Amino acid sequence: MVKPSVDVFVKADGESPIEGAPFSERKLKFKKLFRRIPKAAAFIIILLLICAIFSPWIAPHDPIEQNLADALKPPFWQKGGMTKYLLGTDNLGRDILSRIIYGARVSVIVGFAGVLFSGIFGTFLGVVAGYFGGKIDSVIMRLTDIMLSLPYILIAIAIIGAIGPSLTNIIIVLGITQWVSYTRIIRFEAMSLSKSEFIEMAVISGTRWWRILLVHILPNVLNSAVVLGTLDVGKMIIFEAALSFLGLGVKPPTASWGGMLADGRVYLTFAWWLATFPGIAISITVLGGNLLGDWLRDELDPRHQLKA
Amino acid sequence: MKKGVFIVLTLVMVFWVGICFGQPKGELVVCQGAEVNALDPAKHNSIPDTNFGLHVFDMLYLRDSQGVLRPHLATSHKIINDTTWEFKLRSGVKFHNGAVMTAKDVKFSIDRMIDPQTKAFFAPFYATIGEVKVVDDSTIQIITKGPDPLLLKRLGMDLLILPSDLFKEKGAETFFQHPIGSGPFKFVSWTRNDRMILDANEAYWGGPPKVKRLIIRPVPEVAARLAELQTGNADIITNIPPFLVPQMKDSPNATVQSIPGGRVMFLYINCLVEGPLKDKRVRQALNYAVDRKAIIDNILKGGGVPMAVNLTPLHFGYDPSLKPYPYDPAKAKKLLAEAGHASGLKLVFNTPSGRYILDKEVSQAIAGMFNAVGIQTDMRVHEWGTYTQMLTGKKLTDLGFIGWSLALADADGTFSPYFIPESVFSYFSTPELKEKIMKARAILDEKKRFEIYKEIQREIYEEAPLIYLYQQIDHYGVSKKVKGFQVRGDEWIFLHQVSK
Amino acid sequence: MGAYIIRRILQSLIVILGVIIITFLISRVLGDPVALLLPPEATPEQRAYLTKDLGLDRPLYIQLVVYVSKVLKGDFGQSFRHQEPAMKLLLDRIPASLYLSLIATLISVCIALPLGIISAIKRGTIFDRIGMTLALLGQSIPAFWAGIMLILLFAVQLGWFPPSGYGGPKHVILPAVTLALFFSAATARLTRSSVLDVLDMDYVRYARLKGVPEFVVIIRHVLRNSFITILNIVALQLGLLLGGAVITEFIFSWPGIGRLSLDAIYNRDYPVIQATVVVAASFFVVINLLVDIIYSATDPRVSRK
C-alpha cells in the first residue's frame, strides 16, 4: 500500500487493472456521475476567472475607495443596509462586493503561482529522488522531513520580515514551504516507473539520464502533479489567509480574501459580513479546486477508463 | 432547655451572618488581553506585569485612580539637598510570612533593580538613583546622580518591595515560584497562559480587601473575552474594541466604563534622511491633511480625543492652551506647493498590525486623507517585532504609526526618547530642544519645569517632526455585580477596594 | 530488516540535527531580540550590556557551536523574556496540548472513520456525495471562524460551555471540535479513498463471489487491510496537531505549545523558539520512523534501495 500524505489522497499502487472484466452497472452510473462534476467545478472556475480578469467592469465600486461615514453598513437585505452596497461595507466604508470581486485576482495569482512554484520544485525533487534512488533519495527524503518539522509560521515571519510583505514574497514563502506534498507522491510514482520495462530498455540502449527524466518519466508523473496542484490551489488561498491573520499578508489597501477574512475577524460578533463573505468565497473556490482535482484524478486513473 | 438551644442557635446565626458580612467574600475574575511575563519585577515590562505586582506587593508610592501619587509604604519625604531625599517608612507593615518590613528591605529591593547584574528590563527608569542609605529601621535616604524631579514617580513605577531575608534565603528562582510580598493579596498559584490565583491578605495594613479571591486570566481573543463577560464568567475585562461598545452597553449583566487613557497616538516622520520631509512646511502640511475628528468619529466610534502634540492631559507638562492642528486640506496643498511639491509626493507609510486598537485601519484612513491632498502612499504592514527592530535600528523610512504609553506620566518620558539624538527612537532633534529637555529634567521646581515644557511644546508643534493624532480612550467591561471599581487612565487595575 | 532500521534511525538523527541548526539560523534572521526586551528609555549602554549578557554579540559560528553542544546535552538555555529555562516552559505546556490533541483526534476519528467507510461502501450515492461535500467544506472553513462561531453559539447563546480557558471536559469540547473540523474532513476523505482501494481488490471480490455476507466482508477484509493506512493517517495527524493548534489555542486561551511558540516567535525569544521547534520536530520524526518501520515490517513490497 502506498503511504499517503496527510492532505492528499492517493490511489493504490501498481496493482494491474483488471483488463477485460465486464463493468458493472454501478460503475457506469458512477461514471455518469463523474461526468457531471466538472460542470460544477468548471462553473466555479470560470466565475473565478471572470471576476479576476474583468473586475474593473463588474465591480460596482472602487475597492480601495474609503467612505468613513458609510463604514460598517450591513448587506442590503438587513436593516440599515442599502442597495448601493449590496453586501455591505467594511470598517473603512469600502464596498465588500467590489473587494470580493477584486480579491479574486489575488486569490487566482496566489493559488496558481503558489501551486506552480511549489509544484515545479516539488515535482523536480520527487522525480530525481524516485529515479536515482539510493543516497540521493535518502537526502531528499530527509530534507522533506526537515521541512515538515519546521513550523511554517516561523519560516514565513523570517522570510517576510527579511524581504518585506508583498504578493511576490508571499508566493515565495508558499513555494518554499509547500513543495513537500508533491515530492513524496511523485517520488513514489517515479520509483515505480523507473522499474518498468521500457525505462530499463531506454537505459540499456544508452539514453542519457536527463533525457530519460525529461522525456519518459516527467510526462508520466505530470498527471499526478496536476491533480495534486488542483487540490492544492485551495490550500494556497487558505495559507494566504493565515499569513494575513499574522499580519504578513498582502499590502493594504489591496483587497484579498485572506486579508478581508483576517481583518474581519474582530468584527465577527458585530458585523458578520466582513469576514463571512470572503470566507464563503474561499470555501467555494477550494470546493471548485477539489472537485476539479478529484475528477481529474479519476479521469487519469487507468482503472476507471471505459474500454473503447 | 429548648429556649436555651433556640437562643444559642440564634446567636450562632447572628454571629455567622456577621462573620459573613464582615469577611471578604466572593471572587473576582479579571480577563486581560495579554499574559504576565514573569513574577520577578526584574523581568516586568508590560501592564499585566504591573497589575500583578500591585496586588501582591507594595511600593513606596502608589498612584491613585486619578493619577495622583500618594504615599504608600513611604509616609513622607524630605528633600535635604538637590540630590538627597529622605523618606520615612510606614511601621507595622508585615509581609505575608509575618516578617516586618523595614528599611533594609527597601534598600535591598531598590539596589536589586538598579544592579546591572539583575538585568532588570525597567532598569532605565531607575537609572538616576545612585545610592540608597539606611538611616534607621524606618528611614532611608536616596542619593540621586543629579537633581531628579521624577524620583517619586520612579518609586511608584513597579518598584516592588521584596522581603530581603526571605529572598536571600531562597534565592531568586525559588522565591519567585511562590512570591511573598506585603500587598493586599497573597500569591496562591500561577499557570502561564491559563490563570493566576491570588487570595485576600486579611492582615493587610491598609485594611483587608473586599473579595476573597482574585483570578486573573489572559484571554487574547476579543470575541472570547467579551463572551466571558457576557456569560458572567468574568467580572472585569479590558480592551473592548470601540465598535463593540454599544453592543456591550446593551448587555443585561454588564456595563462599559470608558476613560481617556495615557496612550497618545501619532506618526513618526523620518527627518534624518535627505528628502522632502526635511522641510518643515511639508511636515506641517501632513498635519493639516489629517481629519482627526473623522477618524475618531467613524473608526474609533468616538473613542479618542485630538491632541496637539504627543502628550495627554495625564502627563505632567501638558499644556491645555495649545490646540491641535485643524483639518485644513486646502492649507496642506498650499504648503506643499510652497515647498515645491505641487505635483504631489510619494511616501512610504509603515504600520504595525494589531498592536494598537485599529492601528491598521487608522493608518489606511490617514493614507486616504494624504491621497486627497496629492500625496501617494506605499503602505507597509509589519509584524510588531519587525516593526520595533526597524524603529530602534533607525531604519524607518518616511512615516510610521505608533502609540506611546504613559510610563512615568511625565513629559520627559515622551520627549526624551524622541528628541534627544542619542536615543534609539529619535528621528529629529535640534540642539536647543535637547538643551531644554535636559534642563527640564534636572530642575526640582515644578513651575519652572512646566514653563520649559510649554516652550518645548510650542516648538515641536511648529516644527511638526511628528504627525500628531489623538489620545486613546480605553473601554473596559464591568459586570453589574461589581461595586467600587474605577477604571484608570494608566491602564492599571487595582482591586483592593472592589467588591461583588 | 535490522540494517534498514539502523539506517533509518541514523537518518532520523541527522534530520533532527538539521532541524536544530536550521532553526538556529532562521531565528537569527528574525532580528534583534534586545530591541523588544528593553523600554525605549534604555540607553545604548544598557542595550549593549543585555546583548552581551545574552551571548548575542559573539560571532555567529561560535554561537552556533555553543548552542548545538548545549542542546545535545538537553540544555536549551533560559528564555530571554521570562526567567525560566526554555525546556521547562515547554514541558509545562505539553499536558495541555496532549489533552487537547487527543480529544480532538478522538472526535475526529469517531466522525471521520464511519463517514469515510460508509461513503466508500455506498460510493456514488447521495450519501457519498453529501458526505464528501461536507468533508470538503470542513476542510475549507477557516479555523478561527469556526472557533468564534462555536463560542457565540454554544457559550454565549446557549450557555452550555465556557467560552475559553483550560479545564475539564466542559472546557475542552469547543476547542477540540474546532480542531477536529479540519482533520475529520481530511481523515474522512483519506479513509474513503483507502477503503475504496481495498474494495476493488481481488480478494474482496472473491469473497463476495463466494457469497460471504457483505457485513463480514467489510469487517474482516476491508477494515483489516485499511487499518494500517488509517493508523498512519491518524498518527501523522496527532503529530501535526501537537505543533499546529496555534490559532485554536489563541482563540480559546488554551495554554498549549502552539501559543507558547507563537508568543516566542513574536517576542524573538530564541531559546523558546528553538526548544519548541526541535522538540516538535523530534516527535514528528519519531512518529515517522515508527510508521516506516511498521510498514517495512508488514509490507514487503516497500522498496528499500
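The chains carry the letters A, B and C, assigned in the order they are written, with residues numbered from 1 in each.
One rule holds in what follows: a contact is a pair of C-beta atoms (placed from the backbone, for glycine too) under 8 Å apart; a residue touches a chain by one contact, two chains touch by 3 or more.
In this text, all values refer to a predicted model and were calculated from it rather than measured experimentally.
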| item | value |
| --- | --- |
| Of A-B and B-C, pair with higher C-beta contact tally | B-C |
| Far-end chain from chain A, centres as C-alpha averages | B |
| Chain ID, smallest distance between chain and overall C-alpha centroids | C |
| Separation of mean Cα positions, chain C and chain A [Å, integer] | 21 |
| Averaged-CA centre spacing for the pair chain C and chain B, given as whole angstrom | 38 |
| Geometric centre distance via CA averages, chain B-chain A, whole Å | 46 |
| Residue numbers of chain C (touch at least two other chains) | 30-31, 148, 152, 265 |
| Multi-chain contact sites of chain B, meaning residues that touch two or more partners | 223, 383-386 |
| Where chain A touches two or more other chains at once, by residue number | 157, 161, 268-269 |
| Sites on chain B touched by chain C in the complex | 35, 37-38, 40, 42-43, 45, 116, 119, 121-125, 127, 172-173, 176, 191-195, 217-221, 223-225, 227-228, 230-231, 233, 383-386, 388-389, 391-393, 407, 413, 416-417, 422-425 |
| Complex interface listing, chain C residues touching chain A | 11-12, 14-15, 18-19, 22-23, 26-27, 29-31, 123-124, 129, 133, 136-137, 139-142, 144-145, 148-149, 152, 186, 189-190, 192-194, 197, 200-202, 225, 228-229, 232-233, 236-237, 240, 243-244, 246-247, 261-262, 265, 273, 277, 280-281, 284-285, 288, 291, 295, 299, 301, 303, 305 |
| Residue ranges of chain A touching chain B (in the complex, touch as defined) | 66, 68-69, 71-72, 91-93, 157, 160-161, 164-165, 246-249, 251-253, 263, 266-271 |
| Chain B residues within the chain A interface of the complex | 222-223, 226, 241, 243-244, 247, 294-295, 297-299, 352-354, 358, 360-361, 364-365, 367-368, 379-386 |
| Contact footprint of chain C on chain A as seen in their complex | 1, 3-4, 6-7, 9-13, 15, 18, 26, 29-30, 33, 133-134, 137-138, 141-142, 145-146, 148-151, 153-155, 157-159, 161-162, 191, 234, 238, 241-242, 245, 261, 265, 268-269, 275-276, 279, 282-283, 286-287, 290-291, 303 |
